[in-house]
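Shared between the two complexes below is chain A, which has chain B as its partner in the first and chain C in the second.
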Partner chain A sequence: MVRVSLVVTKRYRERMITSTPAILTVSLVLGLVVSYLAIWATVGLEPASFFATFYQTLASYSGLLEPFLFLTLLGAAISVAFYGSYWNVGAEGQYVLGMLGAMYLVMFSPLSGTLLEGDRASAAVVKLAAVILGGLLGALWSVIPGFFKAFVRVNEVPVLLLMNYVAYCLSDYLTGGPWKGRYTYGYIRTDMIPEAARLTVVPGLEILRYEVAVAAAAVLAGVYLVLERTRLGLRIKVLGTNPVALRSLGYDDRTVILTVAALSGFIAGLAGALRLLGYDYRLPYNIGDGKTGFYGYTAILVAWLSFRDVRLLVPSAVIVSALNSFGYRMQLSLKGLLPPGVSAHAFSQIFIGITLAVYTIARVARDHSVRLVIER
Partner chain B sequence: MRELLEWFVQILAPAYVVYTLAATGSAVVERCGVLNLAIDGLFVLSSSLAYTYAVLFSALLQGGAPATWLSLLLTAATVALLYSLYTTLSTVLPVSQGAIGLSFMFIGYGLGAVVGNIGRIAFGLRGVRVAYLGAGHGSAASAYLSTILAVTAVYLLLYKLKLGVMIRAVGEDPRLASQVGVSVTGTRLLTGLLGGALVGLGGALFTLWRVGGWSQGQGLNHGWLAYAISIAGWRHPPLVALVSLFFSTAYVLLPHLQRLGLPIEASTAAPYVTSIAIMVVVSSIRGRSRLLADPKSLGRAFFREEQV
Partner chain C sequence: MFFPSSQPVLRVVGITKRFPGVLALDDVSLELYPGEIHSLLGENGSGKSTLAKIMAGIYVPDRGSIEVSGRSFRFLDPVKAVSYGIVYIPQSPSLVERLTVAENILIALRSYGILSSMGRVKEAVARRAREMGIGIDPEAEVGKLSYTQKQIVELLKASLLDAKVLLLDEVTTYLPRPLREAFYGYLRLLRSEGRTILLITHKVFEAIEVADRITVMRSGRIVGTVERSEFDADLVRGLMFGSSASLNHVDYLPEGEPPRGPTVERRPVILLDDVWAVGETGGHALRGVSVEVNPGEILGVVGISGNGQRELAEVLVGLRPVERGRYYLDGIDVTNKGAKAIRASGVGFVPEAPLYYSLSGDLSLMENLALAEQGGGPVLSLRPLAARVRELIEKYGIAAASPRTQAKVLSGGNVMRFTIARELESAKKALVALNPTRSLDERFALSFVKALRRSSRLSGLSVVYISESLDEVLRVSDRVAVINSGRIVGVYSREAAERETLEKLMVM
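And then the complex of A and B:
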């Protein structure tokens, strides 16, 4: 009888056959090729226009700045969680909660009155408070599944994903109900936030807001410092790699799970608040219908590509935001070609899925040797 | 009263059958120790595949019920193969099951949209009609019956047959199982086929019976609802079928809450909140017997380099 088996052995020696950038490139290229094939199979788009759009996207780098900053923030949020093996696929919902928090504070809270007085210092305080409230609500939205994971041992992934939809519903309820605007030309949405509550546009670079750039830099530095220089960071990393060891060392892993969840959700909520104050200025109805740009999901890819290495967050955010803008441009150029009812979102999902899978498997192939053994 | 009951039995049937089958499939997959994070993507994919197969065969066979039944079977077979690829990949390679599961989820979402659109553009928009399964009186009764039979068969397989013992052993401790001569990869491959066929059947019935049509994104989240039911039924087929009954009842009746003055967003969110709540409540019950406990190696990478 012939017995066929795969033997997988860990490489103990440091033999860096393929570097991480090479693996990154291979998985991204494969992701692109497969999603192109999917577009081709659906609507029969020729390669020339696909790659022409790709080139145009890369050529207009200033358009990449805005997705880059938000994907960096959300990528950092998810990355922290991944370090602690908390699979935060709920950043999308936490991002929405951040928007809700900021909206409440600048429009409906007792503090909102100070914005009308025109005092710049107090406006700055209100904006800061709005961003912090957004962060706290994001943290709350992430701590709920974290609590269930830590204390009830319910897997966090389905809970987080379902809570994204609950967040959409909550936002729609507020937008269509208590927060429904008066000056909306008949649309269901909230009113615009007051001028004084908006973030500062950088002169000459209209797409940039000072506060968002500062926040992204601060979050990156903060995440790096916490993970690499503090005991908490070490505990998070041990939780991610060997929770049993964490317990043996006398730490309560449940507290660490809650901390990771809160930290991750806080950053995602912060991003949502900044988004609302800096770019969107109002909440639309049917927010789950792509109006968030699905950044919370796309950022999973950013975190994944920089897996357990904070320094890789920036390059992966660059790559993913380029691809994201490319996908957006493709959607625009496909719009005439796609029959009604076809949304181009599917192609970016294929791209995310293939890239994740290839990257994961390629890393295993790097760290392990896989041999096919045939015995007679 | 009698009419109300009949109406209820009729509208409950498609929901009950879909969620019970998919949840039982998920329970089987997780019993062998593979974390089933792929379920939502593969559920979406199966609901799209079923549509495309159905329009394809309706065009080839000039419509009719045989085309619908053939597409049910083929969807179950295709998704079974994909599931076995998923369980095998997460066994032979020491990768994070979470990572592979999420990749499959995304690929399932995207591929589902592509497959469904291909069917819609090639046949659906050209006026090919599909004979969707009706909600006739006889069909509801036979659907309940065959679902219960299927669940019973899965229960017998898992708890009374040697293969079931192997599946559960692999889920508890794959290393030990492989030391006593059980092929971990082979067992998980078979489990993937079985569980995948059930999930695929659920997804296919979702399109061909519950909805009776297809649009992009259809089935999204319903895989997670099935996942929640399988957890709430402690991954034990008869219990899963029971929990599914309560859950589907709630799910079918919830939209009617709107009449009581509840905002539409609340009734949209209700199934998601209910799913989370039942997962949490059921998982917090302590002191379960070994038969109902979570598989010990669920979600852990199986790495057998020592056995070279």
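And then the complex of A and C:
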């Protein structure tokens, strides 16, 4: 009798990073091929138009670059927290708080007056202050559940989730009340922030804001350095892996919990502030109704896909933002071509699902040794 | 005793297994016969556990095959191994704390596809416990049992799985002496039923006491198998440690130990005054403990496990709150000041389970070392750290591929060596050791004891050495305290300590 079995064992190697781009490419290609076959079988769409859509996505920076940068920032925020086993599912709320902080500083604070004077240097200071205030508010929003975790031993996940809705409500309250705009054509929303407060558009690359790119790079490098090269990072990692050891070696785990919560919230708040100053320019009403793009939630996927390796946040953010945009474009281009009852949404889901599955399987396969054993 | 006529019940042939940087097993072949107690002896990291885990289907070998009841396999998986009656019992019990003894056993049976009712399990537990001569309540919640009792539950579990081949991985390390003897009796009973026992151990005397055959491993290879008629401690030790086997292991004063001063300065570094502390189960685990340890003195605390040793160690390092009484370090009151204050005043800790208490298995040795360093800037200087770890690896003979190796990849004995290295180097004033040699082989245990004595003599380190082994405590200590039911029931200077008196106090 011949028996065939698959043997999977974990490889004890140092973390691997080099083969990730290859895995990324393979998963995207497989995702494309399978979803193309699915569409072709259903509507007979010819390859050219399908791949043209894909090419348009890749070629359009607006489709990729903007979500990529924000997902990288938020992914970094969430990753830091995950290293310390602080399950920050509240990045969404912290992101909104960041927007509120920036909005307050450039529109309603005593500093806002300086923006009208047209002095570039002082405008830069105000923008910087707005971003920092956004970060601080994000940190505050994250430290509240952190406090309950550290001192009352309350699980942070439900509290963080609830805080997201509180953030939406707070934003809506301000937008519909004290911050309600006067020049809004009857819509409920705030006024636009002054030109001087907006981030710098990179010439020739209209979708990019110079400050956002710099912030994303700095945050990635900073997070990596903190985790791998500092005692604080070490404490965060021990908190995430063995909190008893942290205590027995004479560290106060509560302080570390609060620190990691604050750090994570700060980065998320920073992303929110950059978003408001660089892209949105105003706060909409009903912000919880998808108007944030739910980046704070999507970034959880980015953090997980990076398998808790900060260096892999970039490819993870690429893949998630590409999936988002391509799925959306595919739906648009299929409109009207599909037979009744078949939803374009299904195809974009097939594409996203296949790509993510292949990427994850390939990553796991790379980190494990898989052997086919035939016994006779 | 040899069994030329019968078929081996389990045979492994040419097994090779590689871990990062280590060849754990190198072309190992071994046969186990029905009705034998076979001891697998070797020092830490010699590959004993790896071999047993391959037999139990937990690890997959890189090369070689496993023959069970005449059938040959490339590898087994745990469920298949159990279906062939091969049961592996790990060194540390893996039980669900919130469930009762009977529930734990029932879910274990279910997970191997054996259906049974609660009533039958309870009955079987009671019967087996009687056979082993121990008292275990099937209704007791596992979380409330002592470590030893949990280990016994693991053994009960294995015997209920109707094991033909029992792979016991250092299980007696955690058993106190009287129970260990009862357990040996039980093994003999199992042997008389025709079952096979592979007793993995690093204790030469244990192997000689119970085994029919001893197979000795060294650095991933089998270096010899000895029959009962040829048993000889020196011969076995020679196989185990190679050329460097000339160990005079019962010597009280190891060679090269500096002579001690005429009088011990009486200015207690550690002073516990009527300390009461609550244990895991809510009752008082410590009931009015008063001890003092002078500079350069080693106080041994001996007792049967579960009498407050763990709690005493936790109080000493600041992990467990003191309910009543005071704790002074160098005359300063540190009662309930927490681990931070105690560690900062120079108290090191060598716990019985370092991966639980003081290391992060997921982090590298470098990072684990950095964690224990007091002070230092906010930025880690990686190069000096790596150099320090390399130094420790060299000095303490730790089998680790590199300073970047994750702690959890090391074998149990090597994890302990690393912990000892780190704490001995960083403890400035005092060291608390809780069953430190349980997972160490004889040779390293001895060199640890030597190192402790040297540090206490030369740098005035005060040591609280908590252990279940009376021999070991007598060998290492200047004074011996006996702990029983959370009380110190006697303190003797080593010269005045009589074995029998101490033993009586321990079981009183």
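Rule of thumb we're sticking to: the second predicted complex is superposed on the first by the 264 of 376 C-alpha atoms of A that agree within 3 Å, B and C clash if a C-alpha of one lies under 4 Å from a C-alpha of the other, contacts with A are read in each partner's own complex, and residues count from 1 in each chain.
The rule is short, and it goes like this: contacts are C-beta pairs under 8 Å (C-beta built on N, C-alpha and C of every residue); 3 or more make two chains touch, one makes a residue touch a chain.
All values derive from a computational prediction rather than experimental measurement.
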First (chain B), second (chain C), both or neither touched by A:231: second
Partner chain in contact with A:42 - chain B first, chain C second, else both or neither: first
Touched partner set for A:121, first chain B, second chain C, both or neither: neither
Broader residue contact with chain A after superposition on the shared chain, chain B or chain C: B
First, second, both or neither for A:346, with chain B first and chain C second: first
Intersection of chain A interface sets (partners chain B, chain C): 7, 9
Chain A residues touching chain C - in the complex, by the definition given at the top: 7, 9, 12-14, 229-232, 234-235, 237-238, 241-242, 244-245, 247-252, 373, 375
Partner chain A, residues of chain C touching it in the complex: 19-20, 59-60, 73-75, 317-319, 338-344, 349, 351, 355-363, 367, 370-372, 374, 376-380, 382, 404, 406, 409
Chain B residues touching chain A - in the complex, by the definition given at the top: 35, 37, 40-41, 89, 92-96, 98-114, 117-118, 120-121, 125, 185, 215-217, 221, 224, 227-228, 231, 263, 265-266, 268-269, 272-273, 275-276, 279-280, 283-284, 294, 299, 303-305, 308
Of all residues in chain A, those that touch chain B in their complex: 5-10, 35, 38, 41-43, 85, 87, 89, 148, 151-155, 157-159, 161-163, 165-166, 169-170, 172-173, 176-177, 300, 304, 339, 341-343, 345-354, 356-357, 360-361, 364, 368, 370
